[in-house]
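Here subunit A shows up in two complexes: once beside subunit B, once beside subunit C.
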Partner chain A sequence: MKWLRQVAALTILNIRTLPQRLGSSTVAVVGIGAVVAVFAGVLSMANGFERTVAGTGSDDIAIVLRDGSNTELTSGLSLEHTRLIAGAPGVRRDANDEPIVSAELFVIVELQKKTTASAANAALRGIQANGQALRKRMEIVEGRMFEPGKYEIIVGRGAQHQFVGLELGNSIRFGQTEWTVVGVFADGGSVFESELWCDVRVLQPAYRRGSTFQTVRAQLVDPASLATFEEALESDPRLEVDVFGEREYYAEQAEPVTNFIRFVGYPLAFLMAIGAIFAAINTMYSSVSARSREIATLRALGFGPSPIALATLLEAAVLGVLGGILGGAVAYLGMNARTASTLDMQSFSQVAFNFAVTGELLIDGLLAALAVGLLGGLFPAVRAARVPVAVALRGF
Partner chain B sequence: MTAADVLVEVAGVTKSYQKGKETVEVLHGLDLTIPRGDFVALMGPSGSGKTTLLNLLGGLDRPTVGGITVDGQAIHAMSGGSLAKWRSTNVGFVFQFYNLLPVLSAARNVELPLLLTNLNGAQRKQHVATALAVVGLTDRASHYPTELSGGQEQRVAIARAIVSDPTLLLCDEPTGDLDRETATEILQLLQALNRDHGKTVVMVTHDPQAAEYAKRILHLDKGSLLEKAA
Partner chain C sequence: MKYFGLIWSNMWRKRIRTTLTILSVFVAFLLFGMLSAFELAFDGSNASIENAERLISVHKVSLINFLPIAYVERVRNLPGVANATHSTWFGAYYQESRNTFGQFPVDAESYLALYPEFTLPPEQEKAWLNNRTGAVVGRAIADQFGFKVGDRVPLTSTLWTNMDGNKSWEFDIEGVFEDSSGNGNSVYMLFHYDYFDEARAFAKGEIGWIIEKGDGSRPNTELAADIDLMFANSSAETKTTDEAAFAEEYAKQFGNIALIVTAILGAVFFTILLVNGNTMAQSVRERIPELAVLKTLGFGPGTILGMVLLEGVLLAFIGGVAGIVAAKWLLVMASKAMASTLPGGLTLNAQTIAWAVAFMFLVGMASGLLPAVQAMRLSIVQALARR
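This part shows the complex of A and B:
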């Protein structure tokens, strides 16, 4: 109790004298803040991308690809295959007893990015009549749905935001054909918002794909039907396909990019953290030497060395937390919800996403800042405990 | 003099420091007895070891050879932790430059040693008020050191030294930074503490006039003691 009272009194003292060491304390706080800002910034990118891509899928929708294809781009299915898939058990049927599926084609088109004015890949997806129903959050926010059989496209909000020429009513040329933008759609911030959609039956001849598709999306009776559906397809000798739950599929899609961002981000934050630790050590050493007479006086009055060391450590921790709050605030105000886009390595097309500085990320940043502060305060705390009382009392 | 009358017993104390490769002996086989209720002025030229002796008496430093007993306790044999605890209840320090903490008010400065006791907030407040009344600074309790004169700062420091009611007051040049008039007030205060409150005072000073307030004067020269009655 007495010991704790000593620690508390000494810590309050240290913190009250902080303004006297404003310069060096600010250096430590800003240094730690920069680490947290970079840490949170980079990870918010990974988080945002993950949230967009991995958040795209739904549990009661299955995606069927050709066996061995991990991505839509490398898959291929014949019309015959798509019919067999649609007829499999586990697929929900509509009022007319028709299976709710959409066989889709996915091609890459080149568009100009607004930010860099350079060419970049975009995904153009041909869907069947049920394609819209299979994306429950999908809604037309401007214009209208494309009409089947026409060279019309609707564009995702994210795609319109990042590419030139996708305004409503615009004509745009891909390969040999001229397309008209007739609508803009939203889909709850998912990957689909970065795509352009059209009728698959128009897209097939335009890209000379005959009657082939790449994927089938199927509405399952319920999430548990995935196993039945999968088993039926895999045991059918006429089919060589892989079945994924949509959510699982997109979670896997997100991995390479988020791993890459983290692979770059963590070492960067780590190196900066080492720099910040040295800044904190320096600050705390100067704090201890500035207070050495004060410390010696307290020691003479009977304060023990361990409360003095702990109070020094806590002062460093306070600087760390202040840095963490600063860095977190910078990351949150500067990056959260900011839109960026990157090349999705699986679909080879641009995916727009929002930086997500989540609460969890801010807490992680704060903990990292606290760790940096404590590590920086460790040696100075030992020095504070060892201030030679008799010499330091005279204060020269 | 019976054993009960003796407060401080210094026996054969030698203190040496390592200065680079050289060993400097500051005190040579010192013997000294200070009876309870004494007021000793410790004089001597710079470097004669006055402050070293004072630090040894206060348990801020340890003798290289020899023993120091204060109120029956052999402080030279105590561990760092128990020495700190011992200091908090048995000794009050008064320094030349007051060593008040600038961010604390006078009352908070005086309260510091009480944070090491079991007293609760109200009891601490009571003790602080008493100590400030003894030094005549009741009306300055909420002032910060920068708002006080040198003499007032030293009074606050003295209040801090006596607040936990120690038997021994150790003063290192307590008037060294003050003008004559203020110095006299401080010396009279120390004298009153000795006379009326029974504090045993050991005061290091350069100033012969200050030393006159003591009951006896000890001269330290090159690490050895010479006594002269005041």
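This part shows the complex of A and C:
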């Protein structure tokens, strides 16, 4: 109990005298803050990208691709195949007993990216009449839906935000065809918002695709029907296709980019943390050496060496936490919800996403900051406990 | 310079503090080196400055649209064009989908003529030209997957189906090429277009892009405009740029990597400046009586200023040089590990090193400046009386 009281008294003393060591304490706090800010900032990109891409898709929708194609872009299906797929068991049917499916084309067009003012790939998707119904969150936020059979496109919010020339009413030229932007749509922040949509029947001739498609999206009776549907397609000798649940498909698509950012982000944060530990050790050593007289006085008054060590360690921990809060705040205020876009190699097109400085990320950052503070305080704490009383009291 | 010994011993009056400061400078420059290399790998300017005279023509709508093979001959016959060749994305992996690397069906002779930096032993080149299903692989790929001359390698294409209706394609490794340009481009596999075109199930007679080179009689910009004009209003219009611009534009698609790197390094250097400045300030504060003694002995204010500044610079250089050397070493290892993801490899170029040296100097000067001025302005009487 007495020991605890000593620790408490000394810690409060240390913290209350922090302003006297403002310079070096600030250095430690800012150093740790920088680590946390960079850590949270970089990983918020991975989180944001993951949230956008992996958050796309629904459990009761299946995507059918040609066997061996792991992306929509490299897939290809004939008209006959799409009909077989639509007729398979497990697909929900509408009031007229027609299967709810959308056979789609997914092509790439080049547009000017606003941020870099250079050409970048955009995804242009041709959908069938059911295409809109298959994205339940999809809604037109400006203008109207394209009219079937016309060279009209609707653009996702994200696409409009990142590319030049996608304002409502504009016309854009891709190759030999001229398209008019007639609407802007939202889809709950998913990947689709980075895309341009049009009627698949006008896209086919424009891209000389004849009557072929790339993917089929099918509305399942319920999520559990995926197995039935998949089995039926895979046992059909006329088809060579791969079937994915839409959610699972997009979760996989998100992986390469998020893994890459994490692969770079964690070592970066680790290296910076090591740098910050050095700065923290320095700060705490100077804190101890500046107070060696006071510490000796305390020892002479009867404070034990272990409370003194622990109080020093706690002081370092407080600096760490302050740094963590500072860094987290900087990352959150500076980065959160900021929009960026990158080239997703899976779809070979730009995907817009918002940086997501999540609570989890902030907690991780705070814990890391605490660890840096504690590691930085460890050796100085031992030094503090070992201050030779007589020598220190005499001065230097 | 004659005071070097004095500066040196002053610097080490608190061993631990100086060591820790140097270590944090070390970490800062290690990060600087690695992040700069990373940025360089993405900004594309690393690609090939010396080959800037090569032009590349792609489909105007996007890189994934094909061009008719007949275009190659038309480009080759254009006045001012010395040679032209073509390439197509094959998009296959070896065994597992994570073993993806670049493979391109090419016209071997014209391709090798346009890419003299890909060096291949003559007997291997001959064997490749004589084997229809032959392929050559870059050194990095050969090392990564253990491909040897004589191996028969099956690859699975994610895009191309062959006439048998499947996506497995077999190749005989006939040679291993090196990239003598030092840009680390030995991460591809090249094989014969004829074999590819005959065996593929669709898009026969179509290619991905055309690479051409002028004969020097006309500027590249003029050639590029002429090529695009030649195919204007056809069903496959082209967009021609020089190779470096093409690489840069492609790299820009990943986002503003430069901005991210700059932001991170800004945070790192701001912190380092604080750490270093704090160390210098503490060190000068402790030394006030000594500095007063030096002044009494006749050291001029300029000398004192210089000594303190030099101490800061020295601190930054010891840590900084060590950091850059360590970065160089780590990058060599990282390049090997990421050979197929970052084909250009990760390297430090002369410009990065020059910047690093400039930053070491700046960090040193900036951190020493305030304490140095303080030391210079010191009044002897007050300083001596302080204790």
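Before moving on, here are some points about what is shown:
We take it that the second predicted complex is superposed on the first by the 394 of 396 C-alpha atoms of A that agree within 3 Å, B and C clash if a C-alpha of one lies under 4 Å from a C-alpha of the other, contacts with A are read in each partner's own complex, and residues count from 1 in each chain.
The rule is simple: a contact is a pair of C-beta atoms (placed from the backbone, for glycine too) under 8 Å apart; a residue touches a chain by one contact, two chains touch by 3 or more.
Here the structure is a predicted model, which is why all the values come from computation and not from measurement.
Contacts of A:389 after superposition on the shared chain: subunit B is touched, whereas subunit C is not. Comparing subunit C and subunit B on the residues of subunit A they touch gives the larger count to C. In the superposed model, A:6 makes contact with subunit B only, not with subunit C. By the touch criterion stated above, A:224 is placed in contact with neither subunit B nor subunit C.
When both complexes are overlaid on chain A, the residue A:141 reaches neither subunit B nor subunit C. Of the two partner chains, subunit C is the only one touched by A:348; subunit B is not.
Legend: residue contacts after superposition of the two complexes on their common chain; A:71 is shown touching subunit C, with no touch to subunit B.
Look at A:26: by the touch rule set out above, it reaches subunit C but stays clear of subunit B.
Shared interface residues of subunit A, touching subunit B in one complex and subunit C in the other, do not exist. Interface residues of subunit A, counted against subunit C in their complex, comprise 23-24, 26-27, 30-31, 34, 37-38, 41-42, 67-71, 73-74, 76, 107-110, 113, 115-116, 118-121, 174-176, 207-208, 240, 260, 264, 268, 271-272, 274-276, 278-279, 281-283, 285-286, 340-343, 348, 350.
Subunit B makes touch with subunit A in their complex at residues 51-52, 55, 58, 60-61, 80-81, 84-89, 93, 95-97, 99, 101-104, 112-113, 115-118, 160, 172.
Subunit C makes touch with subunit A in their complex at residues 16-17, 20-21, 23-24, 27-28, 30-31, 35, 38, 60-65, 91, 97, 156-159, 165, 167, 202, 235-237, 239, 248-249, 252-256, 260, 263-264, 267-268, 270-272, 274-275, 278-279, 281-282, 341. Subunit A contributes residues 1-2, 5-6, 9, 13, 16-17, 293-294, 297-305, 389-390, 393-395 to its touches with subunit B in the complex.
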